[in-house]
Amino acid sequence: MSQNVVVIGGGPAGIEASRRLRDLGYTPILVEKQPVLGGHLARWDRLFPDGVEARTVLGPMLQDLDGIKYFTDTEISSINRLKDTWVVMLSNGLSAQVRAILLTTGFDLFKAEKKEEYGYGIYERVITNADLEDWFKAGAAPQFDHVHTIGFVHCVGSRDEKAGNRQCSKVCCVTAVKQACEFKEKYPDVTVYCFYMDLRMFGRKFEDLYLKAQKDYGIRFVRGRVSEVSEDLDGHLFVKAEDTLFGKPMKIKMDLLVLMAGMAPAAGTSDLARMTNISVGDDGFFVPSSIVDAPCSSSREGIFFAGTATGPKTIPETLSEAAAAAMAIDRYLKTPAKR
Amino acid sequence: MIDFGYGLTPSATLKIENVQNPLFEELHRREPDVAKCIACGSCTASCSAGVFTEMSLRRVILSLQRGREKETLPMLRHCMLCGKCLLVCPRGINTRHLILSIGKVYGPDGLKEEADR
Amino acid sequence: MIYQGKQRIWSEYQKEIPTDHWFYVRSCIRQSFFPASEKTFLEILRQRLGKDVYETPHHTTCGGIAYHSEAIPQETMMTIIARQFALMTEAGYENYVCSCITSFGLYSEVIEDWREFPELEAKIRENLWKATKREFKIPTYLAHASDLIYKFRNEIAEQAKFRLVNKATGEPLRVVEHIGCHYSKMFPSKGVGGAEYPYVLAGMVESWGGEVIDYPERRHCCGFGFRQYLVRANRGYSVSNTHKKFESMEPFKPDMIITNCPGCPYFLDRWQYVIAEQTGKTYGQDGYGIPVFTYEEVAGLVLGYDPWDLGLQTHQVAVEPLLDKMGIPYKPEDKYKGLNGKELQRPEFPMNIKCC
Amino acid sequence: MKERILAAYDPFVLPFVFGMTFVLGYCLIALVRVLVQLKPADRQKFALSLITPSAIARNVRDLFCDCLFHVKLWKRNKVLGYMHASIAFGWFMIIVIGHIETILYIPERLHKLYYPIFFRYFMEEQNQTLQGSFFFFLMDFFLLVILSGITIAIIKRFRSRIVGMRRTTRLTLPDLIGLYSLWAIFPLRWIAEGFTAGVAGGSFMTIPINWLLRNFMSNPQNFTLAWWLYSLALGTFLTVLPFTRYMHIPAEILLIPMRNAGLPVRHTRKGFTLAMLYACPSCGVCIDACPMGVQKKNVQDATVYMVRSLRRRNQRRSLVNAEKCLMCGKCAALCQVQLDACGIRLAYRTAQEKKNNRLPADFSYLAAVAPRQVGEDKVLYYAGCMSSLTPVISRSVQKVLEAAGIDWEMMDKDGSICCGRPLMLSGRQEEARQLIEKNRKLIEDSGAQVLLVSCAICYRIFKEQYGLIGVEVMHYTEYFNQLIAEGRLKLENGHETLVYHDPCDLGRGCGIYDAPRQALAAVGQLVPAPKERKESICCGGSVGSLTLRYEDREPITRGSVENLTANNPEQIVTACPLCLKTLSRYAPVPVRDFAEILADHLEP
């Protein structure tokens, strides 16, 4: 009977790693807290930089699950070390004794309502990048029709001590520019603003996207962090930010504001860390044994990571890390267990 | 009105209620590359006039976008059109044509009539 | 505005305010700005609500004005505050309530400092002992006077004779609540409802029938700021801030403003006169300004106290239009009479803002 | 010799007479307009040059060489040269001989405009007599010459590549009419004279045609028909001439003396410029010459279309054309009529700026810049704005000067006041004048004898506009070459294969071609480029173009690099900071500055 591997987290990292493990002859036991597999990717409409449909990435993965035992709506009740194996108790009563566990617990979207001064959940016209992706997926959204001016606020819950996340979430800048272009494609005569501190368009073809946003879509980039948002009598938003390049505070009347919520550590991270007593960084993400040359292995034997469980990553990085983790597990399982 | 020895200081905030800026739109029509500016300041750093005055093309472009041209257009008059900014611009903007176009679009009394263009 | 959104925030910032046995310290300047506020506060708590609120004549300023204007160093200020706590300990109380927002901010700051730097506390203890031979304990609970009124807002509502409702139209009065910056901006967790949407005044307004307005500049500073208004050269900066707030609230047509700090009501009230005299513009209906009240005055009005006993005649902006809206009876002729009915002559009225 | 028609008149001459009077009238009015539009000073200068013997000699020589023999075109393209020369000179000789015959045989008819042209029809000349046969022979000879030119013209029209022309100009309707009527004239003359050959006399051309078409020629009605057709063809050609490219025939006669008088281009459409606009033959040489031609979309901005849009007063097209041009001067250098293409476009830009620019420059801050004391024994080195972005140049120049033991002082060490040429090229002449005045004062006050310049752009304006007194302006290619010649600069030859790119303003602009090549020969082995010296292809980075976008400059630069590396040199050498920066972006081999390569080959 081929060896089992418990994979905790059914996002793109978990699914991809499970498929690879299956191909290597193992039987992955994929556990997903949510009722459906796919993680955040299931919610996105199109992906940067070229706008490829998320469906076309996730679809094939979801159709290739035979040979993988996956349990949705299931949580981890407990994990204990038994000699050189891990005994994992699931909330649906099942338990598994395995030599390797793969943590693909991913991230949680930063709760934008925590940034009270931006008024998410208080002003109707303030939404998050996730809400915007939902509305893009649902096709034209009625509330957008009377929108003349829209703003994208970068670094919401990222690079912000007060929001409890000093780190940069890496993907929100390029996502904001992508969404700005998509919005402008749908509503060409809308004026689009992007409020950024440092526009981190680090990846391949990201700078082209930025140039296209400026040249073809006329998106206006304001270098200044939004300080507060307020609502006037008839529900329009007043967004305040300083144009630090021009050295003047600005107050712009807008019809819609999109908060680029960053990546916060997944809720269950601390519990899992406690159960397996592996360490969690001060940023709340799991700490790999070496961030440089062993990002997939943990400080404990048999525990492996993949994806945004160890920090913000793009989808391609997550998928490649999933494959790397599968290889690491395979190599680990092939070495004879030390007595 | 009573003079209290102090008064209301006008707000420095740029209030952008409607986002139309006809002069900038006309400038953008003549030189679309102005939208590509990422305000990196290479032009200002290498500016020949910048050695002797506070000329800064970066500030000029930004002030035009914000509709505050009155503050920076006097500075633009120091430009010798030597073309160094054109050479160093990382975005490949034709800065010289931009400066020439600004001279035609802005200036003391705003937009020229389209007729005699 | 999604109301549930605000409620969710409020739920995260609820404070467990003790119900009784308070050691009360007054503000340095509130009696001179709004004479009856503190008297009304004590009267409501003691007579109307039967609470034990002790006040010793030996207590002094908290040193805030001097400290914020950089006239005295932090150590001196802390020793003064230590003496206040000593008075409280000697009086046998543990719940400390102060009438002034700046004090509340200062007390919170000092307690936080001592918690963070115990050696600083030890030094201050030594200073106090050397200076006054007194010992002190840190209050188990520090509250601001408005916290208490907020705590008992419903009890007050029960005894209310009037409600914050426009008698003629039955519509709730449109109320702008302005929270003193030192109340929750320095320590959000110390303020009821947090920093963005403090609920301490909103709670009172809602339980007394009014409707809270959220205008864009609601969290902007009222322009007080010791360093601003003390120095004449800076006063322009101070009145400009107030002007910004009024320009922002104007479209919402507020009926009144409720505040909980010594500076805010004074400046929001007086600067309306200066703005009117300088620019000719008033923000209330038909030439009057928007009346500004402290929460004690509003509580007093709701409980049916006589407006002139609440000291409303010392306001710059006429309160009569609001009293008429609420249907509160008052004798206009007594407005400028002293305690024993002696005529104090009507002060000279400003040109651009109507007074009664 | 007797007159066949005593009345010396026949209705068939009317089309020709009408055409001739029309064209002469038109040219006369045009001449008057041009002269009136000249500024008084220019007019005086022109009048003066018409009477000074040396100028007259030069005018006559140019008239013959350019108008008749097209020597310039011959040097460039043998076939085209012959075609033009044959038609022009042949036609000229036919007219002259026609008049000589009239003078000799029947001088009293000379006053009749048409008589010499249709001499054969009116006079019964016999080829028996020695004189007659001589004239017959001469006339037929030149007819043959013209016909040979016409046949080449027809071939060129349909297969321009055979004639070595990649692209020719799009012809307008009037041009086509003029062209076909021009083609028709001489064959018809040939046939017409064939008739008279049968009756009176003829020579080796006219007699055979008479024999060949004897049944056609035997019918007397055809006799007058042939002459009618001949006159009609002439009439159409002459009537339509002023509105076609053939206006260059009369116009060039006026243009050459005006050019030799050295008149400046002042206006976009008046005076000297108007003469030039008329004189443009729309030959299309400038289309192939223009470096921007690498992109098809730029072909419409060649000088021929600039002339056309100016003549048609098409402001929109003229502005786009005027602002896009690189001002490299190649079209002007190769133009058969030596049209000052850059001058016209600069005049257009100047007019535009004067009319539309409402942000006048404020160079008051220049007053504070103090001159740098240098004294006679030091060379004053002016690196120019661009050189601060190519430090290798100023560093190498200093190294070479030190090696040659020359004491120097750098004028713009901490920030340069621009030489003014980019500002002038943008059309802001008076503002450029302010920079020029300030720089001139700084240079003259410095007391230096020699102003050394390492930028071709600055060098040209220092030479042309500054009028420096007591200061010799030298481009570092000239100066270093002189130092080598004087033996003060010792170099060792590295024998690398080099190709030298002539910067437009240095080569075409100031005529410096050989100095750099001689100097480079001392350090490496020069490899020629297919197109160089006067035909060097602009690097594409010129600040002369106001509107060229960055992406559109790349193909131009690649075209220039391709030409330079045709004979695969190991290195490209140029003598201008702008060319250096632009070429090195796309060149497959290292691009080095003139001083840099010299500095690397200094004898230890």
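A, B, C and D are the chain letters, set down in written order, and residue numbers restart from 1 in every chain.
Keep in mind that, in the parts below, contacts are C-beta pairs under 8 Å (C-beta built on N, C-alpha and C of every residue); 3 or more make two chains touch, one makes a residue touch a chain.
The structure presented is a predicted model; accordingly, all values stated were derived computationally and were not measured.
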Legend entry - Least step count from subunit B to subunit C, where 1 means the two chains touch: 1
Legend entry - Interface with more contacting C-beta pairs, comparing B-D to A-C: B-D
Inset, instruction - Work out the mean Cα position per chain and let me know which chain is farthest from subunit C. - result: D
Legend entry - Identity of the most central chain, Cα criterion: B
Legend entry - Inter-centroid spacing, subunit B versus subunit A (mean Cα positions, whole Å): 40
Legend entry - Rounded Å distance, subunit A centre to subunit C centre (Cα mean): 45
Inset, instruction - Find the geometric centre of each of subunit C and subunit D from their Cα atoms only, then give the gap between the two centres in Å, rounded to an integer. - result: 88
Inset, instruction - Any chance you could list the residues of subunit D touching two or more other chains? - result: none
Inset, instruction - Enumerate the residues of subunit C that touch no fewer than two other chains. - result: none
Legend entry - For subunit B, residues that touch 2 or more chains besides their own: 33
Inset, instruction - Return all touching chain pairs. - result: A-B, A-C, B-C, B-D
Legend entry - subunit C contact footprint on subunit B (complex, rising order): 1-2, 4-9, 11
Inset, instruction - Spell out the residues on subunit B that touch subunit D in their complex, using ranges where they run on. - result: 33, 46, 48-49, 51-53, 73-74, 76-84, 86-88, 92-94, 96-97, 100, 102-104, 106-109, 112, 116-117
Legend entry - Residues of subunit C touching subunit B in the complex: 232-237, 239-240, 243-244, 274-275, 277-280
Inset, instruction - Sort out for me which residues of subunit C touch subunit A in the complex. - result: 1-2, 5-6, 8-9, 194-197, 214-219, 251-252
Inset, instruction - Spell out the residues on subunit D that touch subunit B in their complex, using ranges where they run on. - result: 323, 353, 355-363, 365-366, 368-369, 385-386, 388-389, 414-418, 420, 422-423, 426, 428, 435, 541, 543, 546-551, 578, 581
